[in-house]
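Listed next: structures, encoded as structure tokens.
One chain, subunit A, appears in both complexes that follow, with subunit B as partner in the first and subunit C in the second.
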Partner chain A sequence: MSKFDIEKVERLAGLKLKDDERERIKRDIDEIINYFDILKEVDTDGIDPLVYTKWTRLTLRNDEVHTGLTLEEIKKNRKLFGNNFFRVRRIIGE
Partner chain B sequence: MYKPTIGLEIHLQLMTESKIFCSCSTEFAAKPNTHICPVCIGLPGALPVLNEKVIEYGVMLGIALNCTINEVSSFYRKNYFYPDLPKGYQITQYAIPLAKDGFLEIVTENQRKMIRIEKAHIEEDSGKSIHTGDITESEYSFIDFNRSGVPLMEIVTYPDIESPDEAYEFLNLLRSIARYLGVSTGDMEKGALRCDVNISVSKDEVMGTKVEIKNLNSFRSVKRALEYEIKRQTKLIEEGRTVVKETRHFDEKDGTTKAMRTKEELNDYRYFPEPDLPPLIISGDFIEEIGQRIPELPNQKMRRFIEDYSLSIDYARSIAYVPSFSKYFESIIAFTGKPREVANFIMVNISNYLNETGKDIEEVPFGKEEFKELLDLIDSKIISLNIAKNVLDDSIRSGKSPSEIVREKGLSQVTDEDTLRSMIVEVLKENEMQVRQYLAGKTKVIGFLVGAVMKKSGGKANPDLVNKILLKELETLRQ
Partner chain C sequence: MMDITKLTAYETVKRIKSGEIGVKETLLSYLKKIEEREDLIKTFILIDRDRAIKKAEELDQLEHKEGLLFGLPVAIKDNINVYGYEATAGSKILKGYVSLYDASVVESIKRENGIILGKTNCDEFAMGSSTENSAFFPTRNPVNLEYVPGGSSGGSAACVAAEEVAIAIGSDTGGSIREPAAFCGVVGLKPTYGRVSRYGLIAFASSLDVIGPLSKDVRDAALMLNVIAGFDAHDETTVDIKVDDYLDILEGNIKGKKIGVIKEVMDFEVQKELKDALESSIQKLKGEGCEILEISIPYLKYALPSYYIIAPSEASSNLARFDGVRYGYESDGAYLREFYENTRTEGFGDEVKRRILIGTFALSEGYFEDYYLKASKVRRIIEMDFENAFEQVDALILPTTATTAFKLNEKKSPLEMYMTDIFTIPVNLAGLPAISVPAGTDKAGLPVGVQLVGKWFEEALLLRIAHHIEE
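Then we have the complex of A and B:
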């Protein structure tokens, strides 16, 4: 029995998998989830979750404006660009 | 009776010069894609660096909303796919927001009410998608990333709001506070304030199903959408049908809400800590320093105007909530006193002038000296309050001083008793019926007679004197 819904994961990741890929990836993710089941055996009561492993200090910048990319630079890397807009395949719905 | 339960989610743009994680300009309505860089269009390897002004503004707003400021807060990635979100995730705060557990006290119809604030956190805005032409035929959509990375503060209230009016007033107060602090203009038409609402209705203590409404483009839209939604949900329940948990879109044109899509589950966003940004640590000293820079806020000002100057709630609010209005008002009454009179002139005559000319109050050519002159003319009974209004209107438009206008137009009040008496005698002759009624005990008609005398004098008669002489003449007639 799979512990997750592969179709939902596909939808969230914006992917369309072929049938054989879907089977393979499903197996892989199941295996990963099983590892977490092993980790779950550790008693973590009263222990704060660890979010950061290195407590480096956050670097800040002054609120100053600098010029970013020019239109020429953008056009060099982006074919679908015109009238100052990035063009993308038509977005359906909202 | 069905009771609505309303919560608000407000996005305020923090008015920094540059974006939250890069140095691109936040200029409004610039040419598309002229304020972008590798960071805000999500090029591989580009790293975010936080703008210190965003923290300053965020902390200031948090304190003004009576929140607890978290000395340690953290950034998360909120993942979803949409072409105007170039990285595929939005950097936001999730587990620990910058500010939490606050409140604002609002006043509606003489009632004070506490609206609790769950949290206020900082995040980046997304880009803007533009769909031109026929949506079914056009092959492309267009994206402008100028907006991508503009700093926002998201403020989430608890569902303490119980009417569309309360929602309106909360937004009104919040925007005014942001303006006093100088952290946001709150201009909805410029995208500096956006609001989504959550609403359910219920007959009893059991909460109804929550519906979210988006696309609210003005405070009035918020109110209208809520009014419509209360009716819609109430009707569904009364007909024995169920309210669907969904997101609805407000249609400005017909004032209705329409279903958009079923609400995604919270964990669909797969939040996880942003590895490119260590936690945000703020010192207690910094919080204290920012707190000391907070000026008197509009709700405190409003209360002071009511308590110290006896202004009506409406006038006190209208003046207190607009920084330029209260500055003007306070600078004048510091010189002239008489706050009630001054407030009245501002809210009627000066407001009309501003509407008519489209000017700002700072540009009104009627300052404290002119006000003093006008009020002195009233005090010394040279003109009545009514004439004073005309003099003010004239003075702002012509640039002449109030005394000049009174002199040129011969507006001085008639205080000569003989002149007044002859006018009164005429009026009594012209209105024999009312005189008979008065003498028969219907003393209320005195108001009518005073009005007739005022009219005859072109508004220039001194009303107190008219009253006195009129009563005397009527008594003479009785004998």
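Then we have the complex of A and C:
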């Protein structure tokens, strides 16, 4: 049995595939996840994970005021815009 | 009469500045080429003739022709924001989204008086190796239209190869500049992680994404790196260390430089002509007085599975922002959750959905240690392999790809497509700079690429060596 529970992962990822699509995509992903198994050959005991290379430093920006986007600009990318807010679908009662 | 579109970017700027050719004249030559070829190759998602011509006319009026890119037509990959233009990243989910600001690289290009001609096609969210994953249309290889141009910066590679633009900008997460450059017969430079600002790049995998040029030759790559390299307060991963004048150092000799040939590369099946091209590049380097050493990157083959866990994991997080609320495609749904799911499922293509699902899985409870964490540890080992190698040599040489370009619809499974990136991915995991340089053609006439990898932030030497092996 595959460890990849696609319907559970869909829920986590905010996706909802159609049945035929789900079957096709699951087949591909099972093949890919099986391929990942070769990483088990690598002894990683005592190795620190690498996320950023050694050159990357987290720095703090100066505490200065910058102008961001204006409301007029933000509205350009959404037709349905409320009075100074993005409109979304119902949340309560689902 | 001289065909301006045959000139390199460097030559073009020089001749414009000397008054030999005009800015508008140059632009119109490229627009004519686009008219002749674009219907067949389809490299652009957006072309703005009017805005480009207006800018060219303005520049022609100027008394002082200033700027490193004065009057030069430049194309930008569609996952990079250009103010006032749609930025789709090749995805339906961003259809209709208009950029409200310039990416830092675009700002730099404009500051140096380059002219943005349009936005180039790419695999959706830069996920792919053939540009077939664009939600809009595939781009074709200008060398042979039956073949893919590579990807994900396929549009940027193809428009330079087709002489539709002087130079183009792409992005490289696992090979997306170098592989299409190799497939189309142009130069593709992936700078060191942290050398060029990604502010305004639509993020795919933030610990790997890099922006760089695709150009007609190495000198043009050096010219563009001069424009885009350096620290940017908008991107905290950029590193504040000295930026060289990359044009200035190009001509110097490379005598006594040590070049490593990676032993493990030959464990993979590599097309004969690519091995031959590598060998003749090695001979050239020897002729220039370089010392050639065999080098081992013992964990090379584990780079691919490591990458295909890390990159989708980061993508699953980065792409969570596309929910249909603030911009781009929006679907229906009575309730918010349903609306999110419908928007994302309809808006993303298959490959993007696959990667979001793989990444979500690799980060999920019960699997995080075995997948994401394991892959990140393997990544550390690969970086250490490269560190060891660079204690012995100044640069590494290997093929950019294992084969030349493949035909459209030829790759059958996603995993088969992933294998295309075996020689480019290790470089991204380690954050190193690398360049793909054209090195002849195979017997079908398709371009062959050779890849050089340099030390961290040593693009100057990398470009100089590349300049010596280019044809």
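General observations
Here is the rule we go by: the second predicted complex is superposed on the first by the 86 of 94 C-alpha atoms of A that agree within 3 Å, B and C clash if a C-alpha of one lies under 4 Å from a C-alpha of the other, contacts with A are read in each partner's own complex, and residues count from 1 in each chain.
Following the convention adopted for this analysis, contacts are C-beta pairs under 8 Å (C-beta built on N, C-alpha and C of every residue); 3 or more make two chains touch, one makes a residue touch a chain.
Bear in mind the structure is a predicted one, so any value in this text is a computation, not a measurement.
When the shared chain is aligned, subunit C comes close enough to touch A:Asp28, but subunit B does not. Using the contact criterion defined above for the overlaid structures, shared-chain residue A:Leu71 touches subunit B, although it does not reach subunit C.
A count of residues in subunit A touched by subunit B and by subunit C gives the higher number to C.
Shared-chain residue A:Phe85: touches subunit B; no touch with subunit C.
Contact with subunit C, but none with subunit B, is seen for A:Lys16 once the two complexes are overlaid on the shared chain. In the superposition on chain A, A:Phe4 makes contact with subunit C only, not with subunit B. By the touch criterion stated above, A:Asp48 is placed in contact with subunit C alone, subunit B being left untouched. Comparing the two interfaces of subunit A, the one with subunit B and the one with subunit C have residues 12, 14, 51-52, 55-59, 61, 69, 74, 86, 88-91, 93-94 in common.
Partner subunit B is touched in their complex by these residues of subunit A: 12, 14, 51-52, 54-66, 68-69, 71, 74, 80, 83-91, 93-94.
Per the touch definition, subunit A reaches subunit C in the complex via residues 3-4, 6, 9-10, 12-18, 21, 24-25, 28-29, 31-33, 35-36, 38-42, 44, 47-53, 55-59, 61, 69, 73-74, 76-78, 86, 88-91, 93-94. Chain contact summary for the complex, subunit C toward subunit A: residues 96-98, 100-101, 192-194, 207, 233, 236-237, 239, 299, 301-302, 305-306, 308-309, 316, 320, 323, 325-328, 333-342, 344-345, 348, 350, 353-354, 356-358, 360-361, 364, 367, 371, 373-381, 383, 413-415, 418, 430-431, 456-457.
Here subunit B touches subunit A in the complex through residues 16-18, 22-25, 31-38, 40-41, 49-55, 74, 79, 81-83, 95, 129-131, 135, 138-145, 249, 260-261, 268, 270, 273, 277-281, going by the rule given at the top.
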